[in-house]
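Every chain is named by a letter (A, B, C, D and E) in the order it is written, and numbering of its residues begins at 1.
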Amino acid sequence: MTRSAKKRTRKAGLPPGTLLYTGEAPAHEVKLGVVRYDEAHFDESEAKTAEDCLPVAEKGAVTWVDVNGVHDVEVIRKLGEAFGLHPLVAEDIVNTDQRPKLEDYGDYVYIVLKMLYRDESRWIRAEQVSIVLGRGFVLSFHEGRSAASFAAIRERLRNDRGRLRKAGADFLLHALLDAVVDHYFVVMEDAGEQIESLEEHLLGSPTQATLRSLHLYKRKLIFLRRSVWPLREVLASLERGDSPLIAGAARTYLRDVYDHTIQVIETIEAYRDILGGMLDIYLTGVNNRMNEIMKVLTIIATIFMPLTFVVGIYGMNFRRMPELDWTWGYPAVMALLILISFGMLIFFRRKKWI
Amino acid sequence: MTRSAKKRTRKAGLPPGTLLYTGEAPAHEVKLGVVRYDEAHFDESEAKTAEDCLPVAEKGAVTWVDVNGVHDVEVIRKLGEAFGLHPLVAEDIVNTDQRPKLEDYGDYVYIVLKMLYRDESRWIRAEQVSIVLGRGFVLSFHEGRSAASFAAIRERLRNDRGRLRKAGADFLLHALLDAVVDHYFVVMEDAGEQIESLEEHLLGSPTQATLRSLHLYKRKLIFLRRSVWPLREVLASLERGDSPLIAGAARTYLRDVYDHTIQVIETIEAYRDILGGMLDIYLTGVNNRMNEIMKVLTIIATIFMPLTFVVGIYGMNFRRMPELDWTWGYPAVMALLILISFGMLIFFRRKKWI
Amino acid sequence: MTRSAKKRTRKAGLPPGTLLYTGEAPAHEVKLGVVRYDEAHFDESEAKTAEDCLPVAEKGAVTWVDVNGVHDVEVIRKLGEAFGLHPLVAEDIVNTDQRPKLEDYGDYVYIVLKMLYRDESRWIRAEQVSIVLGRGFVLSFHEGRSAASFAAIRERLRNDRGRLRKAGADFLLHALLDAVVDHYFVVMEDAGEQIESLEEHLLGSPTQATLRSLHLYKRKLIFLRRSVWPLREVLASLERGDSPLIAGAARTYLRDVYDHTIQVIETIEAYRDILGGMLDIYLTGVNNRMNEIMKVLTIIATIFMPLTFVVGIYGMNFRRMPELDWTWGYPAVMALLILISFGMLIFFRRKKWI
Amino acid sequence: MTRSAKKRTRKAGLPPGTLLYTGEAPAHEVKLGVVRYDEAHFDESEAKTAEDCLPVAEKGAVTWVDVNGVHDVEVIRKLGEAFGLHPLVAEDIVNTDQRPKLEDYGDYVYIVLKMLYRDESRWIRAEQVSIVLGRGFVLSFHEGRSAASFAAIRERLRNDRGRLRKAGADFLLHALLDAVVDHYFVVMEDAGEQIESLEEHLLGSPTQATLRSLHLYKRKLIFLRRSVWPLREVLASLERGDSPLIAGAARTYLRDVYDHTIQVIETIEAYRDILGGMLDIYLTGVNNRMNEIMKVLTIIATIFMPLTFVVGIYGMNFRRMPELDWTWGYPAVMALLILISFGMLIFFRRKKWI
Amino acid sequence: MTRSAKKRTRKAGLPPGTLLYTGEAPAHEVKLGVVRYDEAHFDESEAKTAEDCLPVAEKGAVTWVDVNGVHDVEVIRKLGEAFGLHPLVAEDIVNTDQRPKLEDYGDYVYIVLKMLYRDESRWIRAEQVSIVLGRGFVLSFHEGRSAASFAAIRERLRNDRGRLRKAGADFLLHALLDAVVDHYFVVMEDAGEQIESLEEHLLGSPTQATLRSLHLYKRKLIFLRRSVWPLREVLASLERGDSPLIAGAARTYLRDVYDHTIQVIETIEAYRDILGGMLDIYLTGVNNRMNEIMKVLTIIATIFMPLTFVVGIYGMNFRRMPELDWTWGYPAVMALLILISFGMLIFFRRKKWI
């Protein structure tokens, strides 16, 4: 969160529409993958300039420009101008701290959503995916982590599998959204496994580290919730068909993605509830162990304090202590000590402490 | 939950409409029970192919196909095609991790809900029931656990009891929904009994295992809530009569089912509240027992420490300790010890510790 | 709650409209009190059959049938048929586990609400009251506990007090609802007194039993909330005048009952908040007492452990311990002991423990 | 709360419209202050009968009847009849347990709200203020505590300050509402000061009494919330101009009062949050002090128990204990004891306990 | 909060529209910076009187009056009159305890929002910024802290950077709002850093002071939430274009500011969640440390109490204690003591305490 605010700080004071990349340092060149297809043709190429990406004015044909890498501000700006996008759209594409949203500019629709992925240490991270749906074209922007998922769609287009080739740009939009949301389940499965293993730790032998993990998971879920929750509204708006760019047939499919998103959100909420319950269990476990410890201490003290007192009595140096001279004095005291011990044990048994 | 996410993972990357069964391993063959009836006739058979199930074009007659087992993806696909269902409907039927929902496709309405049942260890589980209501036909899909409930409806149809035979397909839909929701009460009764017995344990002699049960019940209720809550909206939509497939007369009955669902939801919420209160009671009980233990320890220590100190004094080996030579020295010290003990006991009595 | 679910279980599997009484075992015969009145006339009788209850077709006259006892399913069924009620209405009347609701059947309005009363052990219970308002008639159904409240209304009609005689059936409906809601205040007053006495106990000398009472009260309030909360919506709907059976003049009065219901709901919510706060106070009190106990233990141990150690030193049997031979050895040690004690006391005083 | 329910109990069973004063025992006579004014004239008098209060049929003139004391049921009834008020309005005026509400009777609007004030012991109490706005007249009813605030408005009218004299009855209504809401800030300021002083106590040296104060403040805020919260809706309705009695110009001013009410509500909510946080701080403080106490006990016990054991060894009376005969035996043991003590102190230093 | 209520108190009883400055004591003179610009011209000056500020009736030209300092009530009053503002607007400008709001007066729109800034001790404070948007003019009022942010906009206008000079007054409004909201990110970043350093403290070596900081941060976030939350509604209303003063082109930009505000609100909510979780972690940490302490105490007591008892036995002075005379008595007892110690250590090892 702090990270996000920090990036924005650099922008404070600049006029709106100023392009400033706010993601992490880029690791590779920007790649512009252009795919053009209709029912009969399929053509893919790597574009050099923004102009190479422009859709061909052919009826029914769909042009998909997949921009892998949004850190090169200049490329995004030119592409935005070539496709006639509002300056704020280009600004939002490079500013990777947007929350999921949908903006309808009439001629085109701009959608922001988050691709979730696990980094090397299995920590869940989010990458911003921007999609622009226009008449006959789709632009998708991401930072590289979504490349594999989107490549699968290109593969499907190339092999003419499914109804995707026959349908228009709105179906391609659905395919992209579906790919991102389907990937949420992969991430959620991983999170679920980690939470379950955490639960086993907690119910078994919890340490301070387990507790810290619990805290981190709670934060992770807060983060996941912020990444997924607003998508619900985005998809509801698409499904309602507020935009003429999306035909009725595609809407049925978008409703399906909407249902999946709700499922993911409900899973996140359920995980939150479970984590909350786990902390209660942990706290009660700590209290119970404290009780155990106190019982041991109390039993020991309650048995040995009277005993030590009794032997202390006969350690006194009074000249006149008749018991000391008795023949059976020592065995008698020993018997008394055993009696006291048993009395205490019976007392604890009654209290159900042992 | 994790289970649910895991299944979805297998689907990630496949095009929408790909049929993939996500439930548990099937235990039996798929059975297609076909019932055709109108006011005068009643006819039941077991279909072999999807075509055998198609409704006869007779006015007023209702065809009900009850599909017991949704793991045979091929059967569902063919049936879907025969009845002209959208590919996504067939996909949702075999994907048994849907949340309850209603989808209106104009010519037919697709409803998903959850049948609750107890498995061998009395643990509450849910099975997905899909119902398609079309003009003159009803398709019901389940994994086998709902067979008994639905057989009772078939029995009722056969014996011409009630108004069911005279009425249309919408009344059959009501009968199916009513059967599922009525069964919720059976499950809730069982859950209620278990919670009450848990409560007795907690107020009596709670163990760490009781606490773990409490935790499991909380999770179970989170699960129940997710299974039942969305049904509310489904039934509200049916009752409002958004679809022309449902006549006004049937709506009054659907409102009745809606009322029952609200009752179940309220019971779940009340159980959640009660479980929450039970944890508080348990925690306070643990604290109280700790207090008890500490009291015993403190009383023992406070009485015997001064006593031991006093006898320690007269155990010292100083050459000049006049008391040691006194005739009444020993009895005097013993009297002092008794005095100290009584003083302490009075102190504790005042503090209301004993 | 469990009780409620258990009753429903018996119904699972039966066709809708099957009459099955779900209340407790009946203690008396069903009584059909029929009152017929208009501005000029007043006539009351006890009906034997359902037909005796039918309204006379006289303009302006109101017929009120008060059914005391709903366990005789046959009587309710016949009455329902005589007045042309929907089978589901008769079913809901005898099924006494309904939540408060309003159902508008066009020709008549069916209202369910709960009469609250205290049983012998001052425990708050609820009895279901069903009211049917039709054109020129009102039917009221209850299990007997509401008899006294409704008799007062009959008394008022007989003595021609207030505007009740001149007004129509809608005013009679208001009188019945008002009687039920007014009785809520009596029950709330009693609950308030019990909660206050519980609070005094908790702040004074709480026991484990006090805590259990607190738990029971929380459950009672959950139960009260479920009984009263939905009535809010029922009355709001009546006041909005969704039904033509209720004239504008009566609506003003129904708004008054609505206000009272809101007041009762707010009181319940406030009681819940107060009970929640009481548990916190109790827990903190337990913690404070623990602190007290630990302080006593620590003070005693911290004073006497060093003292016992010192006297232990001079109890050692070394041949060469010069102090033992000193003339002032014993008094010097005693002085040292007193010094140590005072030092400790000053230490505790500084820590504000004593 | 209990008090409120108790008063209502007396009413249970009476027909609606029965006037019964439910406030505290009255301390003075009812005073009817009548003010008549328009832009040019100003006239004030004390009325004896309800008829004296009736507005003069002069265009533009406003009649304001300020009724100080609502315990004289007869006076209210007559006044209500003279001004043609609905019987329920008169009932609500004398029943001082209403929640804030607005009722639009077409010809006049009836408003209930709560004047907050501090009694002798600085405890916050509420007094019911009823205002009736009609065409050319305003009636205000209170129990006496609001007299000072309303007198200031009369003073303003007399001295022709502000735009109040030129404007109509709706502006007078605004002035009355504004006076009541402005007084909320005075009460909130006082509550804020008390909460702050409570906070200092809690962070300094909290006692059981501080905790009880905390509990009382929480209840007080629950009470304040109930008194102010519904006013929000009342003012929103006035501002929306649902009634033709309120002109557009007055609405702008009512929006101002609405804003103030929101501010008061937000302050109450913030106080609730702060009190909730204070309890957490207190509980943690108690836990921390317990930790302190336990540390002292453990340090003392851990140092002196081994020491006492060692000196105990050399207090044994075995005939053959070579150490006892050594010349340097005693100093050696003393050195050992010092060594043990230092070892323990280093151990505790490492654990950061000292 | 208390501060806010205190200021209002001074106002209680005054007629509405009375100007009373409720901010802190002013530190400087009021400055009226007037900027007049259109696409071609740019002119800035410091006005002496309200009349100097009036807009020139030139088409397309925008007049921006930036009032630095709102404590001089007289200046605000005159300016308000010169621009024909409603008296309540002037009152709200000088009353710096308003919550963010938008008021549409038809000819002009009045907006209140909060500029957040850090004072010398990094504590977050808010300054009220009022903006009036009229036809061809914008008035902005602040207390001085926003001067730097607004100067940057003036700078941008002067240097003709961006589209600001060509656009109308609505774009200037956007620039001002954007400057304020952008500054929120700076403040949030700082808060985030402080919360993170607090978290490190808490997980490392928490003290009572850390806890107090936690409490203060919670209060700070309550305060931030109140300052920012209502702005959401203000911006939503502007973006919906409820006012004709705002053209469609500007609305797209206002939606951008709206998105930023949502981001800030979500960050505040996330911080609240994190702080709540931190308290839980702290409490559990305290409990764990208590457990540690108790373990040490119990281990020490459980080992040394039996040992001390045993040596006490052989310190008794009985004449007949055969063991004392044995040659190997002393070594035997020492062996026994070592045995007991090891037994205890094994016991603790099994309990996993060491």
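In the analysis below, contacts are C-beta pairs under 8 Å (C-beta built on N, C-alpha and C of every residue); 3 or more make two chains touch, one makes a residue touch a chain.
These numbers were taken from a predicted model, which means no experiment stands behind them.
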Checklist outcome for this item: Those chains that touch subunit B and also touch subunit A are none
Checklist outcome for this item: subunit D onto subunit E, same sequence, C-alpha superposition: rotation to the nearest 5 degrees is 70
Checklist entry - If you average the CA atoms of subunit C and of subunit D, how many Å lie between those two points? => result 26
Next on the checklist: For subunit A versus subunit D, what separation do you get between their C-alpha means, in angstrom?
Outcome noted: 42
Item to check | Interface hub residues of subunit D, defined as touching at least two other chains | outcome: 283, 287, 290, 294, 297, 301, 305, 308, 312, 315-317, 321
Checklist entry - Mapping chain-to-chain touches, which pattern fits: line, ring, star, complete or other? => result ring
Item to check | Partner subunit A, residues of subunit E touching it in the complex | outcome: 149, 152, 156, 161-164, 174-175, 178-179, 182-183, 185-186, 188-189, 192-193, 195-196, 203, 252-253, 255-256, 259-260, 262-263, 266-267, 270-271, 273-274, 277-278, 280-281, 283-285, 287-288, 290-291, 294-295, 297-298, 301-302, 305-306, 308-309, 312-313, 315-321, 351-353
Item to check | Residues of subunit D touching subunit C in the complex | outcome: 1-2, 4-6, 8-9, 11-13, 15-17, 86, 88, 91-92, 97-99, 101, 103, 105, 205, 208, 211-212, 215, 218-219, 222-223, 226, 279, 282-283, 286-287, 289-290, 292-294, 296-297, 300-301, 304-305, 307-308, 311-312, 314-317, 321, 323-325, 327, 329-330, 333-334
